[in-house]
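In what comes next, chain A is part of two complexes: it sits with chain B in the first one and with chain C in the second one.
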Partner chain A sequence: MRFMLLFSRQGKLRLQKWYVPLSDPQKKKISREVIQMVLARKPKMCSFLEWRDLKIVYKRYASLYFCCAVEDQENELITLEIIHRYVELLDKYFGSVCELDIIFNFEKAYYILDEFILGGEAQETSKKIVLKAIEQADMLQEVGPIYFMKAFSARWAI
Partner chain B sequence: MPAVSKGDGMRGLAVFISDIRNCKSKEAEIKRINKELANIRSKFKGDKALDGYSKKKYVCKLLFIFLLGHDIDFGHMEAVNLLSSNKYTEKQIGYLFISVLVNSNSELIRLINNAIKNDLSSRNPTFMCLALHCIANVGSREMAEAFAGEIPRILVAGDTMDSVKQSAALCLLRLYKTSPDLVLMGEWTSRVVHLLNDQHMGVVTAAISLITCLSQKNPDEFKTCVSLAVSRLSRIVSSASTDLQDYTYYFVPAPWLSCKLLRLLQCYPPPEDGAVKGRLVECLETILNKAQEPPKSKKVQHSNAKNAILFEAIALIIHYDSEPNLLVRACNQLGQFLQHRETNLRYLALESMCTLASSEFSHEAVKTHIETVINALKTERDVSVRQRAADLLYAMCDRSNAKQIVAEMLSYLETADYSIREEMVLKVAILAEKYAVDYSWYVDTILNLIRIAGDYVSEEVWYRVIQIVINRDDVQGYAAKTVFEALQAPACHENMVKVGGYILGEFGNLIAGDPRSSPLVQFNLLHSKFHLCSVPTRALLLSAYIKFINLFPETKSTIQEVLRCDSQIRNSDVELQQRAVEYLKLSSIASTDVLATVLEEMPPFPERESSILAKLKKKKGPGAVSAGELEEGKREGGEVNGWEVNQQKSEPSQENASSLTTSPSPTPTAMHLSLTSFFFPSSLSQSTPSPSADLLGLRSAAPVSAAPVSAGSLLVDVFSEAGPAASTAGVNDDGFLRFVCKNNGVLFENQLLQIGIKSEYRQNLGRMYLFYGNKTSVQFVSFSTTLKPVDPLVEGGAQVQQVINIECLSDFSDAPLLNIKFRYGGALQNLSLKLPVTINKFFQPTEMSSHDFFQRWKQLSQPQQEAQKIFKANHPMDTEVLKAKLLGLGTALLDNVDPNPENFVCAGVIQTKAQQIGCLLRLEPNAQAQMYRLTLRSSKDTVAKRLCELLSEQF
Partner chain C sequence: MPAPIRLRELIRTIRTARTQAEEREMIQKECAAIRSSFREEDNTYRCRNVAKLLYMHMLGYPAHFGQLECLKLIASQKFTDKRIGYLGAMLLLDERQDVHLLMTNCIKNDLNHSTQYVQGLALCTLGCMGSSEMCRDLAGEVEKLLKTSNSYLRKKAALCAVHVIRKVPELMEMFLPATKNLLSEKNHGVLHTSVVLLTEMCERSPDMLTHFRKNEKLVPQLVRILKNLIMSGYSPEHDVSGISDPFLQVRILRLLRILGKSDDDSSEAMNDILAQVATNTETSKNVGNAILYETVLTIMDIKSESGLRVLAINILGRFLLNNDKNIRYVALTSLLKTVQTDHNAVQRHRSTIVDCLKDLDVSIKRRAMELSFALVNGNNIRGMMKELLYFLDSCDPEFKADCASGVFLAAEKYAPSKRWHIDTIMRVLTTAGSYVRDDSVPNLIQLITNSVEMHAYTVQRLYKALLDDISQQPLVQVASWCIGEYGDLLVSGQCEEEEPIQVTEDEVLDVLEGLLVSNLSTPVTRGYSLTAIMKLSTRFSSVNRIKKVVSIYGSSIDVELQQRAVEYNALFKKYDHMRPALLERMPIMEKTATNGPTEIVQTNGETESSDSKHMPSIAQPANQANDLLDLLGGHDVGPVIQTALPTKPASAGGELLDLLGDLSLSGGPAPSPTPSVTISQPPFLLDGLSSQPLFNDTAAGIPPMTAYNKNGLKIEFTFERSNPNPNISVITIHASNTTEADMTDFVFQAAVPKTFQLQLLSPSSNVVPALNQGNITQVIRVLNPQKQQLRMRIKLTYTYKGAPVQDLAEVNNFPPQSWQ
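After this line comes the complex of A and B, so read on.
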């Protein structure tokens, strides 16, 4: 996988993970281009797009688009399920995850992704093991007051 | 598991994020961010040492701001400090910041690497994983240098925790991708391969990505992985859906690992060991069978995971291309997907079938689905699916169904999406040519293409139809008739006019017997389009007119009248004016014989592969063209490239040659040039260069000795074809260096031979005229150059010329080598020269203000971006001469930029096909010491270095 983007229906980038070295302007340009392209797609259309020499695999969950760019030979369906597994992980961790969880706890979204995918390849596909790793890490943290806001945004169904 | 139990509660961060979200406008957001940045900056700069928590909070805020898309230029040091914190969360934020905001400051990198080293040796698996994640996320060369030796050890050590092994494997993969030279598996190879046997499925999943990548690069060293992969796959495939516990995904056992195993096997040919192969075939059969079983769940995840494995298995079956049964079965199963309600499956089935179509075993099976695919092309609502359908139709096309498929594609073109029209046009053109049984069908098809989608018909396509018509006399009459009819349409596309002009100019006589298409009718028809056309087309039409004068003497006066009118003979376009003048003159002074010779029918083109294929491949990238076609060998661009009125043989007329007994005096040279531009009309230089042109090599032209040498129409890839680039001693440099700052002059001269050069450059393209003058009174025999074929006989006192077109694909240092051989009085003469093509020829001057100049100068401040040389003056330090040389270099000479008026600064952009390379130059003369200091800065280090070398010899 070359990169993964999470963005809202309004085109706001919520998470970006790059597995190839690119400059910041390049990243911005690519994000803009990909977001625009994916947002222009209608429902019911297929989840795969050719883009430059890569394939874009995307899926929408409630208000959020999850989008991966993979090499040409990569398996599209399994990439789609990579996305789904990541959503499941977020969902399990946050408990019915919604876009706001990812906004306010963006660092957690990155940690979970790192446990699941590293350097663009699946590291651990077992949901239990990934969550256990994250929880263990959480145990190491001092427990502090919780400021957490959830509102308006619809929760997505898994 | 409620989320609220998690956070480590950075209240300030949460408040800040809500503030940002509540901002009503972009301005408000920026204001809020600036306020925060100022606050953080003051905290970081403050006297009071910050505690870990505050540091973490501020670093996290900076990260958030950066991820919103704002620039962050501080905080790196605080983040690095967090790395060595004992508190996990602080360390974690530190690493996250470092991974996202990679910084190339070397001092910071040293500190980061130190912290990573500490964590890697901490034996705390959580810390080790964090450090490994950071290396994998950054993946820089510096990190590879620091850790590539250490990580393989961690990966294979017996006491490493599973989670650490997983991170280490993928970390190593990332480093291998960045710096393969630094990751040496050597002694670890076998232990890494054996990770495929690891009990922990997670370890296998991670390790297999690494092994696959390494196998692609060094298949032999890793080939033991094949049998291990087969047995692992076999165990997974035969396990019940619950056996693998948490690695079962929606009732599918280990789908990710299965796909990866199948991918790994695609790096190798079918296993040689019969038992292994048998087991693998069994696996593949099981996968195909399972895909047919009723679903265990209605969830799309179940079917996706199952089908992901199916598609990967089919990819392996296609890769082996040796099991007819499996291939046909695969094809049948994909056939079921063609009408599946899931768009994704229809898309993938079309895509996968495309490759099946190229296998001889399954080609026929694929063809049975033609109706479904045609239907998909017509009815799919998603353009990307339609595109796949078009690809598949193209792939399944053969002689038996070509007419049907081409017809369907043509009718689809009328409504096709703009985004895929050009590609469709190319495909239709290729199929029509490849499967043409009778060429009248081919001509009809291409003319239809122009009619339906003229805007998308590229030069390659219409060049090709002309080549084919010229080479096949059985179709010429039909082509003339058809094109004549097509031109009757009130509105016809300019490409149609081009083809029409060309074909009628050559073969109009074949239909002239019919009074409805008498010569004058033909001419009037063509001329009625003239005023609507662009300059290159008009130029082509003018050539058609002069050809008409030769074909039909009765049109002479009418055409001369047209040429003589002010709009032609005084046309503001130089090319048109020149043609009008020359053609008019030619038609009035040349005798019928001379006219007939000059305007003779075009000789056949050398038989070549179509350049259209190359273009399609280029458009689509590898994989788009079926494997069979790729193997057909070298593709060459077939070019018509405008229209030569006649093929110029290597030597101009005798009369001309005899006046050239000594070095070319100005007059005959000018004559040559005017002749040249006459022969090589502007469409070559004005139209966009054909993207496939550089594919046209010398080798293709050389063996066809009977084929006429079309002097200007072949683009010669001098860099790859004309022998090794000059770098050796024994090659004469003197002439070469004289050409760095100028384009015309004498490259070489001895008692026998003089070589003159004229060249012109535009963007990344250039054209060079080489004049070889025989200075003796004896003929040279077996005369040849490595550039392209020439007439082997050069009479005493005669001059031959060659024209080559040059395209700069990417930056280069070595000049192409020109080798000349001939016999003079029995002695073989052999000459090696550097062709004076230097990187600066592709400069576009860039004017800029002093401020801009110094800003850019500062941006190019990395040491490797600069090249500097101090050298002694070889020539008198005359300001005007210096200026002329610097202008000759191709850059813009910038006034009032350097505070010291004695100094010169220049700026330019080198245009290569691959990229544009900005260059800045500063030349500081020291009159007293008779020295210069030359400094070059460029976005590409090799370019700065090369320019510096070249220029230091010039002053």
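After this line comes the complex of A and C, so read on.
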């Protein structure tokens, strides 16, 4: 995966994860283009678009579009599954997730994404394990300085 | 200083802004507060401030002043700080900023942290945005973690290694030992990321690929894992709609594809498992189809047995019938990839593919169109063309150009009859005329000249099309050219193919003049119509009207038109005796490979007495002849001059190509009513504005020579030099026959090296009478601007006593005076 964008139906960006190095103006330009293209699609159209040398795979969940740009040799259908898995994770974590959850807790959305995907590839295929890891990490935030964490990890190591 | 507001609070506040300006104001205020907070080096609230900054950055506002703060957060001991700090680094920093290198040390420390979640953060950040320098510095740490028994870290390290390898390919070797027992892991996360790592290594390095195939015996291991996934019962942790870990299955299939490509042993080892996956996977949900899709891709790419390939194509065929658009889309994409190699199998699904042309989705339509063109062949051309023309009518403009080109190509290759071909072209021109590519106009004209018996029909249909619509320029250009050429056929009502229409000369001229004045016509089109009008002066009787039109445009603002008109005027006035010759019917143009830009050519049918400026549009059809050049080994060959009439030259030229290598060619003409040698002709090519008779004085004293003397056939060359242009030699050949039988169907052809140019005029006859009772004469004009030694290759064909005879010869004994 090269990048993933989450945006509303009005074109407002809710999350952007880039797995390739690009400057800020470049990222802005690309986001604008891709968002425009995807928003122009009619509901009956297929979920795949060709754009430059990449394939854009997108799916709308309620008021949010989830959009991934993958390379030519990637399997588009499994990318749809990856998107779905991410939505499931968010849903489990927030409990019936909606756009507002992602707006007000964007940093958590990033944490969950980073626990599922690393460098553009899925790192864990088990929902349970991903959610457990997030849970543990969240608990670490509650605890004080790190020297308490040793005891913690000993008990909760996965 | 009051505590900075919380993140959620800020988000809530900003969302209440009703206008962009209001939002900007709030943001600026908060940014100022954050900046001063940063200046105070406040540790407590740094995390909160950076989080707010990240939110504002996502809205599109600049946040670079927070970059250093992210680094400070990363260095902090609090987990919360580190989490936000690393997130900020991934969002705000990238390898373009020097600042990012400061992270390296922090990441190094964190990679060795006692808490796996901190190590995880470091691995994640490195794996997402590590620059080459960082990767070089930290590769060792990553490699260490790749060997740990902690699966949480191992899987992250594997993907981090992938990133390192992408950034610094030389480091790939370093990770090789660690990959040894990656696949013996039980943990799916590790398995998945390991397969990704192995895939990356195999894709990048053929040596690695061979190593993994042979030494590590990767294929059996992967087959075993895949088999377990399929055969094992329900596993709640990895189940997706009844399928066990589809992500891992797909990844394994992809790695198998790479391992099996061009390798018989590996391909054979995976045959069974592929067949198993292909037949047993549940297809009711997207997951199942995702796996099948990957399986099909793998089967097609490796050296699979034919049964398996047929299975794969059938799966794709089933996909085409699926209700889900996405599935249809991937099916079309895959079929497009395989249509070359498994053509027959794909043909079976042709009707489904053609149905996809009617789909609403643009991507599907495009795929279906490309695939349809790939499937057209001699058997299905009529049916396919009907569908494709219907598609052309109704498709979006973005498709029309490609579709039109595709139709032309297919029609050319497989047209069942000339009439069908012309009808198809007409259909395209009238429905998608403005989208047709520029080079189609000369191609079409060339095609039309070739279909001699259809000329009347073609010009009639084009004329009728013009009456309807003059807005589509390619159609108008082709139509005006045809009317110019075949206007006499149009007026005389000679059409056989359909009911001839009654058209008067005046009506035709009205139409052409209409094109000249219309706002819809481009300058190029106007040029075409003016020339067409001029050509009609030899075909129609209303010459005065034409003269008037031509003289009016002599003062046109358009320089191109003006020039043409002036020259045509000159034709009427000073050179009226040359007009018939110049404006006579164009010869058939040789069709060769698609042409690049060619040099200017002069043909008997359309010479102008002036320079080459307006040659391009008129000479374009003629330039088709020059396409012979492209086939001659890409040499920079000089232009071809053809003076031939229909039938013979077409084949003659083709044969010459084979035999005469890199020499430029001249076709041998059949006898024709073209003017004989003694009529003075305009100067050769780019030769100045004046046109003086060439054959003033024969250059005194150039001795004749015998060029060929064999089997009773003797060919003598006599020379003349043209006065105005000393670079031109005029050679007259005299062919005589000493045997007792006539040589009939005699054709003389010549070719010269590339620095020369050659023009062959018509011979006096094509029979060389026996026993020297007469001879054939023919004039050759050779342009020799570089004054090089003249040499020539000649080819003679004739029928002698009922048998065809053919001979090639080199002529090298030209007297120096003939070319110096």
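A few remarks follow.
One rule holds for everything that comes next: the second predicted complex is superposed on the first by the 142 of 158 C-alpha atoms of A that agree within 3 Å, B and C clash if a C-alpha of one lies under 4 Å from a C-alpha of the other, contacts with A are read in each partner's own complex, and residues count from 1 in each chain.
The rule is short, and it goes like this: a residue touches a chain if its C-beta (ideal position, glycine included) is under 8 Å from a C-beta of that chain, and two chains touch if they have at least 3 such contacts.
What you see is a predicted model; the values in this text were computed from it and never measured.
Within the superposed three-chain model, A:Ser23 lies in touch with chain C and out of touch with chain B [touch as defined at top].
Of the two partner chains placed by superposition, only chain B is touched by A:Tyr93; chain C is not.
Looking at the shared chain after the overlay, A:Asp101 reaches chain B, while chain C stays out of its contact range. Looking at the shared chain after the overlay, A:Leu13 reaches both chain B and chain C. In the superposed pair of complexes, A:Glu124 makes contact with chain B and with chain C alike. Applying the stated contact rule after C-alpha superposition, one finds that A:Phe48 touches each of chain B and chain C. Chain A residues in contact with chain B (one complex) as well as with chain C (other complex) are 13, 16, 19, 21, 28, 42, 44-50, 75-78, 80-82, 85, 103-104, 106-107, 110-111, 114, 118-119, 121-129, 133, 136-137, 140-141, 143-146, 149.
Chain B contributes residues 1-11, 14-15, 17-18, 21, 60, 63-64, 67, 69, 71, 87-89, 92-93, 96, 100, 102, 126, 129, 132-133, 136-137, 139-140, 163, 166-167, 170-171, 173-174, 177-178, 201-202, 205-206, 209, 246-247, 249, 254-257, 259, 263, 301, 304-305, 307-308, 311-312, 315, 343-344, 346-348, 381-382, 384-385, 387, 621, 623 to its touches with chain A in the complex.
Residues 13-16, 19, 21-23, 28, 42, 44-50, 75-78, 80-82, 85, 103-104, 106-107, 110-111, 114-115, 118-119, 121-129, 133, 136-137, 140-141, 143-146, 149-150, 152-153, 157-158 of chain A touch chain C in their complex.
Partner chain A is touched in their complex by these residues of chain C: 7-8, 11-12, 15, 51, 54-55, 58-60, 77-80, 83-84, 87, 94-96, 113-118, 120, 123-124, 127-129, 131, 150-152, 155-156, 159-160, 162-163, 188-189, 192-193, 196, 237-238, 240, 245-248, 250, 254, 286-287, 289-291, 293-294, 297, 325-330, 360-364.
Chain contact summary for the complex, chain A toward chain B: residues 13, 16, 19, 21, 24, 28, 42, 44-50, 53, 72-73, 75-78, 80-82, 84-85, 92-95, 97, 101, 103-108, 110-111, 114, 118-129, 133, 136-138, 140-149.
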